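Presented sequentially are two complexes of chain A, the first with chain B as partner and the second with chain C.
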Partner chain A sequence: MTAPATSRPVPAARARRLPGWATSMLVVLVGLVVLSITATLTGQLQLTSAGTAQAAVQLLLPILFAGLGGLWAERAGVINLGLEGMMILGTWGAAWAGYQWGPWAALAAGAVFGALGGLLHAVATVTFGVNHIVSGVAITLLGAGVTKYLSTLLFLPVSANPRQSPPLRGFDSFSITPLTDVLDALVRANLVFVTDVAGILQGLLTGLTPTVLLGALAVPVTYLLLWRTAFGLRLRSCGENPVAAESLGVSVYMYKYIAVIVSGGLAGLGGAALVLNPGQLGYLEGQTGGRGYIGLAAMIFGNWRPGGLLAGSALFGYVDALQLRAGGDAVHALLYAGTILAVLVAVLWFAQRYWLAAVWALVAGLVVYLVYFFVDTIPSQFAAFAPQIVTLLVLAVASQRLRPPAADGLEYRRGEGD
Partner chain B sequence: MSRLQTTLLPPLLAVLFAALLCSIALLISGDNPGAALAVMVTQLGAGTTAVDVINTGAVYYIAGLAVAVGFKMKLFNIGVEGQFRIAACVAAIVGGLLPLPPVLHVIVILLTGMLVGMLWALVPALLRAYRGVSEVISTIMLNAVATGVIAWLISPAAFGFVQGNNISTPPIAPTGHFPGIDLGPSGTIFGMVFVAALLGVGYWFLLGRTRFGFELTASGESPTAATAGGVEARRMVLIAMLMSGAVAGLIGLPEVLGREHAYTLVAPQGYGFTGIAIALLGRNHPAGIAVGALLWAFLDKSALALDNIGVPREIVLIMQGVIVLSVVVAYEIVRRYAMAAEQRRVAAELRAQQQPVAEGAAT
Partner chain C sequence: MAAALLAGALVMTGCARDTGAAGGGGSAGGEACATGTAPSGGAAAAPTSAAATKPDASSLKVGVAYDIGGRGDQSFNDSAYAGIEKAVADFGLAEANVKELTAAPNEPEDAAATRLRQLAADGYNPIIAVGFKYATPLAKVAAELPNTQFAIVDDNSIDLPNVTSLVFAEEQGSFLVGVAAALKSKACHIGFVGGVDVPLIQKFEAGYTQGAKAVAPNIKIESKYITPAGDFTGFQDPQKGNVVATGELDAGADVIYHAAGASGAGVFSAVKAKSTPDSPKYAIGVDSDQYLTADPAVRDVIITSMLKRVDVAVYDFIGAVASNNLGALPKIFDLKVDGVGYSTTGGQVDDIVAQLDAYKNAIINGSITVQSTK
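Our next item is the complex of A and B:
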């Protein structure tokens, strides 16, 4: 069985004019400017408030961990649709260890439980060659079942509720005080743009927990491990061309196993991050709510790269935080930001002489603006799935430019290369 | 091994393996697996359980067929879940708002369901056919979108109908009820059970006995070969996905038309994922899917009976999960074994043919 042929676009031949880090900085800067303009013109100050940024960090963490999990597996050529199930296992494991031995044990147990799910996925897909998507769906079903069973068995006597863990202790949060005080003063100074940037930065530096730091570390560590070491090169070669890797003496099975187990562990950490969220401590049945899938979407949004993945999960976390804190009106204001962004993109494409694409961007901007103009607020039910809509749009528009690992999702058997 | 063995052995092994694993889990948690098994079997004679199994089985059967249509073309329609929920919701709204004469009313509701399911599947179908977007991701995203749209559709601001603490779609008038077979104290068999059976026959005929079915399966097995044979792969992707969506649109309707007569906020979810499991269990064969659907429904109903004797009902979920995972592994092992046996047989035959030739050359 082979997985459905995903798009295999030709990599863009255009030479890069700016190094990667500069482009990312530029994108972040443009994003901040657009948000700042929107916040000023629409009066939706929550768009750039410290509270929103802080909530966004907590909400992006599970998505980020899940996405990194997806990245590890897919870079080794295994599609991991079981991320959701491994995350569920992680939430349960974290809560179970957490209420007994504290938050650090919760993190460790979350990772271990997730890794067990990953091991199962590796056995099914690598050793037995089961279709990756089928195995992923099965593991998600199994993960939900196992946690429900274990909750009834172990949580029910303590918490008197089979769907909930007993209360557990979270991490003490801390802030980088001297800096946040300066930023606070800047926010109060009420200067255009400066206030907005300071607000967001203040949010990012307040209410930090070890989980947040772990997430912030996981991205560069993943990048260094996968792109700057021999280990990473071998692992990625298993995802690009396993037969060639095998001919060079790489033990493809072993690397795939490592990748998928790490993938499960990261997804489990995502579950632990959910359980240790200071706003809502503890295990609650169904609390993952499809975040494993969103992590996968963030990874695709980020073109199978750690930096892009971070941007994707930040986007999802931000929209989520905004609609939770400020509701439909603030998300409505995002449409305005979308219009500005579309116009900017159109100008950029005109300058590069992509005439057709630029016209389409303008049309899209116009449509978004019309929606903004004629609708007063976005119903909360719609605002809740804004991330999914964004993912669909990105896939529809940019799927030709995305480049998944060449052997992603394909079955590989030792010694059967041609 | 004969073809029958390679088909029947894996699911049997998977069920046995799952039973074994669950027995161990029960023993560890201090329950008696024997008693659990006994109560699972005897429950069928009690109350409405047998009829419930058939009714739920019909729902699962439709779900399995919806998924299997996509699987036949190697399309992973994970979105059956979203398609069926939004279709059931919109069909219930249309049924509740339109006053229509008896038979026509039901037909309109059924067609609405199929149409909405199809439309919800159209997005991933177009994205896959024209933009090369994997249908797995796009349908997962659309499942979440469907949840939001349904929440809005049922809200009082849109079509919600508030009755006490419950919000649902406007209730469907009796003209839009699908009559069932009343078996007295044993319950009522949904009329939709027969629609499900008809769907199964239609599936068997269309995919197994027509040129279209052959082209569909062929383009799933090898798109390049099918294209060489004059089948347009893109068109096949669209058709398979839309058919899957249309069938998915019917999944929620046995309950809407036969029992609830409205779509509520707490309407059951997860049938789409169950359908994936059942299609895998039944290997996309209409009869296999039927067995899988009934087994699944039977296990579902066992949860209640197990609860009554103090065994955690969630053991059923573990059993179902283990069955899916081990059945796919078992199919794979048997396939490899059969293939190796085939290779040995062919090699032996070739040797037998070559020997006289080699001897002839020597003389």
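Our next item is the complex of A and C:
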């Protein structure tokens, strides 16, 4: 089935490079084709089912918000390891406001509580020059401790449980009905590729909530603010070369403060998204389960760019949804998809005359295929960590091209450039 | 490149796939389940409750060391406390003579041992340790203090004369709810969601599977753990519980049993979201009667819960200490002594109680043996 793609090599050294959005679309399209081929040939229909897509959206949301939070802080030169703690603060704030005043208040309070954590991080790292890692870890510990104290104080009387908030009212979910009906018909038509794409789209367009829309909006808004406005240019200059920014009259401290507070607010929104997700509407001690750190990894995966970050969290959410829903068999089918991808990459590199890299890609593809061939299913212990493994693999391949902000994590004192 | 891919995609678009509908309907057909007949057991063996003469515990000072969470967890620790309360009411145990201490999360092992020693030094005897995390510290402390009576819930690894193990036959209770699931399933397809893939939770799955297969040998069972052993977040991640349960429902299961602690809330909400009047879906709770404790919005899908009566074990233990008759305590709190069981709140299993009790009696009188491993 890959014959059309492989028989016509791409002409090397093209005069005009494709614009970024076109490359992204192409990557998504290639991914869909590969998944469609895999689903058809392995019979693992969960790979492209609406349910998997919907679960992936739910799982990626908290990660996406946390990752965007990391992006804002690091673009201004402050490493934010406190994302997890700010997220915990967000879950508590969202639950506390949510059970009293409804889901919109939950979103707002989640952001405010997260921003408070961000403010603390800004005071420590920007004003007092505390090591960013130390302050971040401290805030994560503090977030867990403060919420435990507050829960005993405020939730225990109403929920009779110091570890849990009373249940809250969530958003009503909605679907884009005429469109999903058409897609449903396409899914039932049971055609290769059409059904796969329709299934995924159907999953993305059903069960929408304002939280999902907010997440979908936050990515382009972050991009426009940071890359298309003077404000964003100044903020990013603080992360690349604060001394130069200062010499041009930029108030570096103020921009760092703004960035880290927004960062905390976004992480808090991630916590609110977790509290408002359909699994359990409410706060539960320990419910973040390291999602803040995974958000940070998604940001690095995305090369400190909003689009890449979205791709990273989507990949993580998708593989997690797949392994949670369909287990080792579906992850096993992913090996097949990996083989196809490796062959595609090899062809691409051959065309560009990266001979050695292309051979390595082919060898890797062969190894993956042999594993696929000789193993019936992936043991559950490995399947559970499939999201982490896939992310690591992609990072390993792509890491040569990653570039963090130049002054990320460095201490900056006003006037030190004199 | 793009054109080539598109061409490939278009070529493939033409071919219809023969791998079945993507929706995943499961095995259709109303009464497809080949149901075996319920065993015609002997007379219902009445559970042997406390001895005829009530023990007098008024002179006892009882110490309790809770697991993480402590009182208010609506589960394990609360259940232990319910047993103490009952002992206060029945045995004349003075409430002032009960001392409770709670574990902190991620505390060092020394802290648990210190807590037990502190209770013993204050003169509390007997001392009840709730949860298998006390196994190692208790083995050490109990050897140092041979004159203090200890009990430990959920562990039977300590072989000392002054330590009583309070363990449960979770597989027997799970067997019964497996029977209920098979009888209630219209698609002949049920599911199990485990929190963490550890032996304690595998016992639940094993019993459930055997119970369902006893009713319908051909039944399809989806089984999934949220996290593998070592990653204990599986007990407190309702979001992932929801995803796993939705996956099993999408695969065609229509009754889901969870042994996933706080993640179970996500299982209930998944079942509730997929349940329609035309094709109702059901959930089965665990440990306590979750019809009473779950979010009111999802209660109507909870048909029953597997009960693990920590309260009964604690109550019986105090009674046995008071009457100085520890030998009379059962080795395992099983169906026979009502240490495990199923709940009927909500009335959704009232129509099959006769069959459930027939299986229960068959297990009690030994004509069915439930394995604790798969």
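Definition applied: the second predicted complex is superposed on the first by the 398 of 418 C-alpha atoms of A that agree within 3 Å, B and C clash if a C-alpha of one lies under 4 Å from a C-alpha of the other, contacts with A are read in each partner's own complex, and residues count from 1 in each chain.
In this section, contacts are C-beta pairs under 8 Å (C-beta built on N, C-alpha and C of every residue); 3 or more make two chains touch, one makes a residue touch a chain.
Model, not experiment: these values are computed from the prediction.
A.B. asks: After superposition on the shared chain, which partner residues are touched by A:Pro210: those of chain B (first), chain C (second), both, or neither?
C.D. replies: A:Pro210: touches no partner chain.
A.B. asks: Classify the contacts of A:Gly31 with the two partner chains as first (chain B alone), second (chain C alone), both, or neither.
C.D. replies: A:Gly31 sits against neither chain B nor chain C.
A.B. asks: Should A:Arg325 be classified as contacting the first partner (chain B), the second (chain C), both, or neither?
C.D. replies: A:Arg325 sits against chain C, while chain B stays out of touch.
A.B. asks: Counting only touches as set out at the top, which of chain B and chain C does A:Glu285 meet: first, second, both, neither?
C.D. replies: A:Glu285: touches chain C, not chain B.
A.B. asks: Once the structures are superposed on A, label A:Arg163 by its partner contacts, choosing first (chain B), second (chain C), both or neither.
C.D. replies: second
A.B. asks: Between chain B (first) and chain C (second), which, if any, makes contact with A:Ala384: first, second, both or neither?
C.D. replies: A:Ala384 contacts both chain B and chain C.
A.B. asks: Following superposition on chain A, which residues of chain A contact chain B and also contact chain C?
C.D. replies: After superposing on chain A, chain A residues 1-2, 4-5, 7-8, 290, 381, 384-385 contact both chain B and chain C.
A.B. asks: Touching chain A in the complex: which residues of chain C?
C.D. replies: 1-2, 4-9, 11-17, 19-24, 69-70, 72-74, 105, 197, 224-229, 231, 233, 236-244, 246-247, 250-251, 262, 265-266, 269-270, 273, 295-297
A.B. asks: Show which residues of chain A lie in contact with chain B when the two form their complex.
C.D. replies: 1-2, 4-9, 81, 120, 124, 128-131, 133-135, 137-146, 148-149, 151-153, 290, 293-294, 296-297, 300, 379, 381-382, 384-385, 388-389, 391-392, 395-396, 399-400
A.B. asks: If we count contacts the way the header does, which residues on chain A are in touch with chain C in the complex?
C.D. replies: Contacts found on chain A: 1-5, 7-8, 10, 26, 29-30, 33, 36-37, 40, 43, 45-46, 48-51, 55, 58-59, 156, 160-164, 167, 187-188, 190-195, 199, 274, 277-281, 284-287, 289-290, 320-321, 324-327, 348, 380-381, 384-385.
A.B. asks: So in the complex, which bits of chain B are touching chain A?
C.D. replies: By the definition above, chain B touches chain A via 25, 29, 74-76, 78, 123, 127-128, 131-138, 140-145, 147-149, 151-152, 155, 157, 223, 273, 276-277, 280, 312-318, 320-322, 324-325, 328-329, 332-333, 336.
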